[in-house]
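Going by the order they are written in, the chains are A, B, C and D; count residues from 1 in each one.
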């Protein structure tokens, strides 16, 4: 049988039960294929230019920006868990920490990769560092995201080095221990950076004076969306981690984290989501009644164009905000695993919906009185190159799960415990 | 010895990199080309008393800069061979007689997106030619033209020193060099002040 | 010199012929894009057809040339560009787009309420030989960057150079006329220096019939429009004074 | 001692560290970005001085004054000539991109014979043979040029016939030929002196006649004035560009123009709004109302408005006797501000019919619109600078393109006054081309060459010492030293303008009201462009924007 021939057991941590290599490869194969298609599509965009996409002069941002914002928000779990564990000393969250780092790493590296295809002149993207426009939210985003990606790499390395084979190189072991000492610092730096770029991503739209649908008044140089984005990101981050872990548990058929961990995550998510929804309501009211009319845009204008009617606003605030907030916070509902996970999914969906509205509705709505309402459907190249990111994520995570002690107690020692 | 092995190997690597980076790389990056004729500014200054650059490199009355003088300018004196140099022979036989323009290689050629007005710098700002072109106008040899394989820019844009450290004002014609001079005379121009 | 170049466009004179659009494209070496649509084309000057929304004999139509409005205050595109590829020129008030600096993130395009910025979705290309017909004053932009109206900056260059050669500091206004202004067969586009109160353009800009698109956003555009038709002036407001129900359908 | 894996690792670590302090990574980063700013496959304009030449546009018979920017011998930009008293600096939108036409992908580059590749000598031989064997019909789309008279001479010498294809403006003048005896090509519209212009669907502000002439006039006298010095009334079924800007837009049922014209005439006569002349149309007001979709009151109101400010001039979008008759009733024929005759009378022309019989050869000049496809068994020699698709011609002969050959510019078809200009060959041809006239001269050397005809015409203008020359400055012909000076100035883009149009008095007799011709539908903007191809940049107007409908028959 193939498995006897094909084996990688010496790479798998001692005592860890892992499926046979062939089956693992079988699992990877479709994802690898998807990745290949995506890379090809991305290649087309880089070689022939962005005419390969369905974006246009009015829809200058499309699927890519929307999903970048989405996964960066969901990736917020990484820094936030780190923050909770190392700064607020919530040790009980430690079991999820490695997953958080890996997921964060995947989300951010994926987002940056897509951005490099999205810009028309990737070869010149570094100009932002050389001639930065300090007034631009995008500058802030670029700096913070690239720095934070570096931080995530540094956080990922120790996990990587805990691989059974790599651990055998003494110098690596030393290195890992040194790095490990650094992790709390990294967590602190990461938190700072993340707060800023999550915020700036919101600011990205909030500052658009020319797009009253997105334009928000704010506090000092930061429009309200700056803070809303931070809130929504840290609210959804933990939920997303929960979903990931639950999925992995389902696939592997193992319990990987202590039972009550989900509830804790859910609670954090829920409370923050609640705060977010409250803030969002206040912001929406101010925007509709003060900010927007003051620049000559009546609120009704934004909602006369189907499908972007008021229901979408309702969905964003109530269906995917208030409801999951309740479900996650209350002991009764949270105790129910299915409800808990559904709520978590809804929370993540809410964030995605919010990013979608800000990206797509902002561009679709007319500004000039003689503009027409526009729609846009992404081209297969756009969809493919983005699905590549998801494939890449699955592959990286699977490899990490197989060869790294993701759920082992994150102390440097190699323990035999792994869930059950 | 044993315990220094790492250090030595490391330094060997370092040294190799430095050698390649500072000595091999520049020679690979730039292609060397010779002017079609070895034109001598010095001789022209001495023999024919063409001391004022603008006698050949004229600024037209609409302000545009003629750059390299046209063939008839040369033909004015070189309608027939003067002296015995091979360059002289080529000039007359290959360019003047058939009436072809000489394909000069322009050391200080800027890319298409740059708009540099000699009129503004020479006539209004009263800059002398050598502030940017150094003493090439009196040199007694046509220097070798180096072109960057990747960007296609003349070496003079980057300047003779690879590190660009401690270079003289006339060494290098990168945007930063223009900016430096503009800053020195606090002259503020926007992007499109120098770009088109 | 510290000018504030601007325009007053008389809507009542615009017949929508499109001369300005073609002249602009020719002057600025804007390529013809065989695959482009009205949403992916390059039209730094774009004439748009507008109506009073009525039908039958009551219908009225006009044409509004849309170009970069050269916003003076809190210029949306300048503020958002991450690498200073856009700026408001101190000397002229022209909002300058620098394609060689641009990385093509298109953030400025989302920021512009007038949709006056265009992305080079394709490599510029011309049929064999046609590149000989390119205007020597303007460099061709490459694929993947944003471009827009720079108020025919190469013509300003020429004027400056001419002045310098003649030993003058100020340019002769007659030497600097953008291609669209020159091309308009009805003289609907008036160009001048808004900083000079005696310039006919600044006088027109103060006339009661003058208006600016989306002026309430507060970006102080330097392109004014003018019409004696109330319904045309109403177009300046985003919702053109219309009620929700009119918006439907 | 052997090199271990560890050594390699350490060595590369050192190398990597070293690289960072060499120019390699940084210079490469810089150069690659610079490369992306100067991609070699992106064409850049030549670094050459620009010189400005003046000439006239020869792409259509309106001959607008052109200011052409030239670089390295090629046109790089086109603008109008403000000094030109006819166009006054205005051009049609297409002219601004005309300098790119010579490189159009559908430029005719070689002689083609029945689909196959052929050569000029073969074409020359074929035409020589054919014209000797039988009758030769020569068709011209731009009469009055020096080239035209070459074509005419040839046709007459070979006992053939010279026929012309007229533009819609001139076709609109055809009805008057029979009533006045003045050929349509010598008639014009005296727009400058009209007080009311009633356009029956003529796109006056959208490519009708000399673009600059009417638009400028309208802009100065009518635009945004509440009580304009002259009123533009547009009678049209759709809200066209002209209708949108007109002083009044009367929306009528499509195709009811001639009936309405008759109805208006009847009201004018019956209500004695005009002194009674000409016959009374059979059409009653109620007929007209029924047909046009207006009410009788509206028609009477309209008639009063037209009569109120005179001279009033009715203009049809194409040949339309009824509308012409309305002018007769309005007393606008042969009068100031109406239909006037130019001082120089052309001989009457045979207007070409597509079905040509009894001919051995048909020569179609490049000025003939591409959609004129002769139906004949004769051998057809089709000259064209651009390939407009199917032409059914045996021979397709590449003709000179934009500014590629010397030609002269007679008075534009719709002009009220005399004018003359010369368009020299400013640029070298991008293909091996000959004009029809050039080929005919090479076949029959006894023909006077274009240069000589132009030379003669200049001499003639000089001899008459009448009119004014509008060049870089304005100068009466009387003050010009010699005929050569005059010719030189014309070659440098000056335009000669004859004495101000004296409404050459001619009698106009209209026995009974003409038949109600079905009006031609409003011509597509591009139909006014006789060249089969639009300048590539015209795509900005339709495919790259929604300003205009994409032209029907041309897909360039």
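One rule holds in what follows: a contact is a pair of C-beta atoms (placed from the backbone, for glycine too) under 8 Å apart; a residue touches a chain by one contact, two chains touch by 3 or more.
Keep in mind that what you see is a predicted model, and the values were worked out from it rather than measured.
If you compare B-D with A-D, the chain pair joined by more contacting C-beta pairs is B-D.
Relative to the centroid of every protein C-alpha atom shown, the closest chain centre, again from C-alpha atoms, is found for C.
Chain geometry summary: the mean Cα position of chain B and that of chain D are 50 Å apart. Taking each chain's centre as the average of its CA atoms, chain A and chain D sit 62 Å apart. If each chain is reduced to the centroid of its CA atoms, chain A and chain C end up 40 Å from each other. One simple way to say how far apart two chains are is to compare their mean CA positions; for chain C and chain D this gives 29 Å.
Among all residues of chain B, those that touch two or more other chains are 60, 62, 64, 111-113. Multi-chain contact residues of chain A (touching two or more other chains): 121, 124, 127. For chain C, the set of residues that touch two or more other chains comprises 37, 40-41, 48, 100-101, 123, 137-140, 142-143.
Taken as a graph of touching chains, this assembly fits none of the simple shapes: it is neither a line, a ring, a star nor a complete graph. Chain pairs that touch one another are A-C, A-D, B-C, B-D, C-D. Of all residues in chain D, only 7, 10-19, 21-24, 27-28, 31-32, 34-35, 37-38, 40, 44-45, 47, 49 touch chain B in the complex they form.
Of all the residues in chain C, the ones that touch chain D in their complex are 10, 12-13, 15-19, 21-23, 25-27, 29-30, 32-34, 36-38, 40-43, 46-49, 56-57, 59-63, 100, 123-140, 142-143, 179, 182-183, 185-188, 227-228.
Put simply, chain B touches chain D in their complex at residues 5-6, 9-18, 20-22, 25-26, 29, 60, 62, 64, 66-67, 111-113, 148, 150-153, 158, 162-163.
Of all residues in chain C, only 35, 37, 39-41, 48, 50, 64, 74, 76, 79-84, 101-107, 109-115, 117-123, 142-146, 213-214, 216-219, 234-240, 242, 244, 247-248 touch chain A in the complex they form. Contact residues of chain A toward chain C in the complex are 49-51, 55-61, 118-122, 124-125, 127-128, 130-133, 135-139, 142, 204, 207-212, 294-298, 300-301, 304, 362-363, 366-371, 374.
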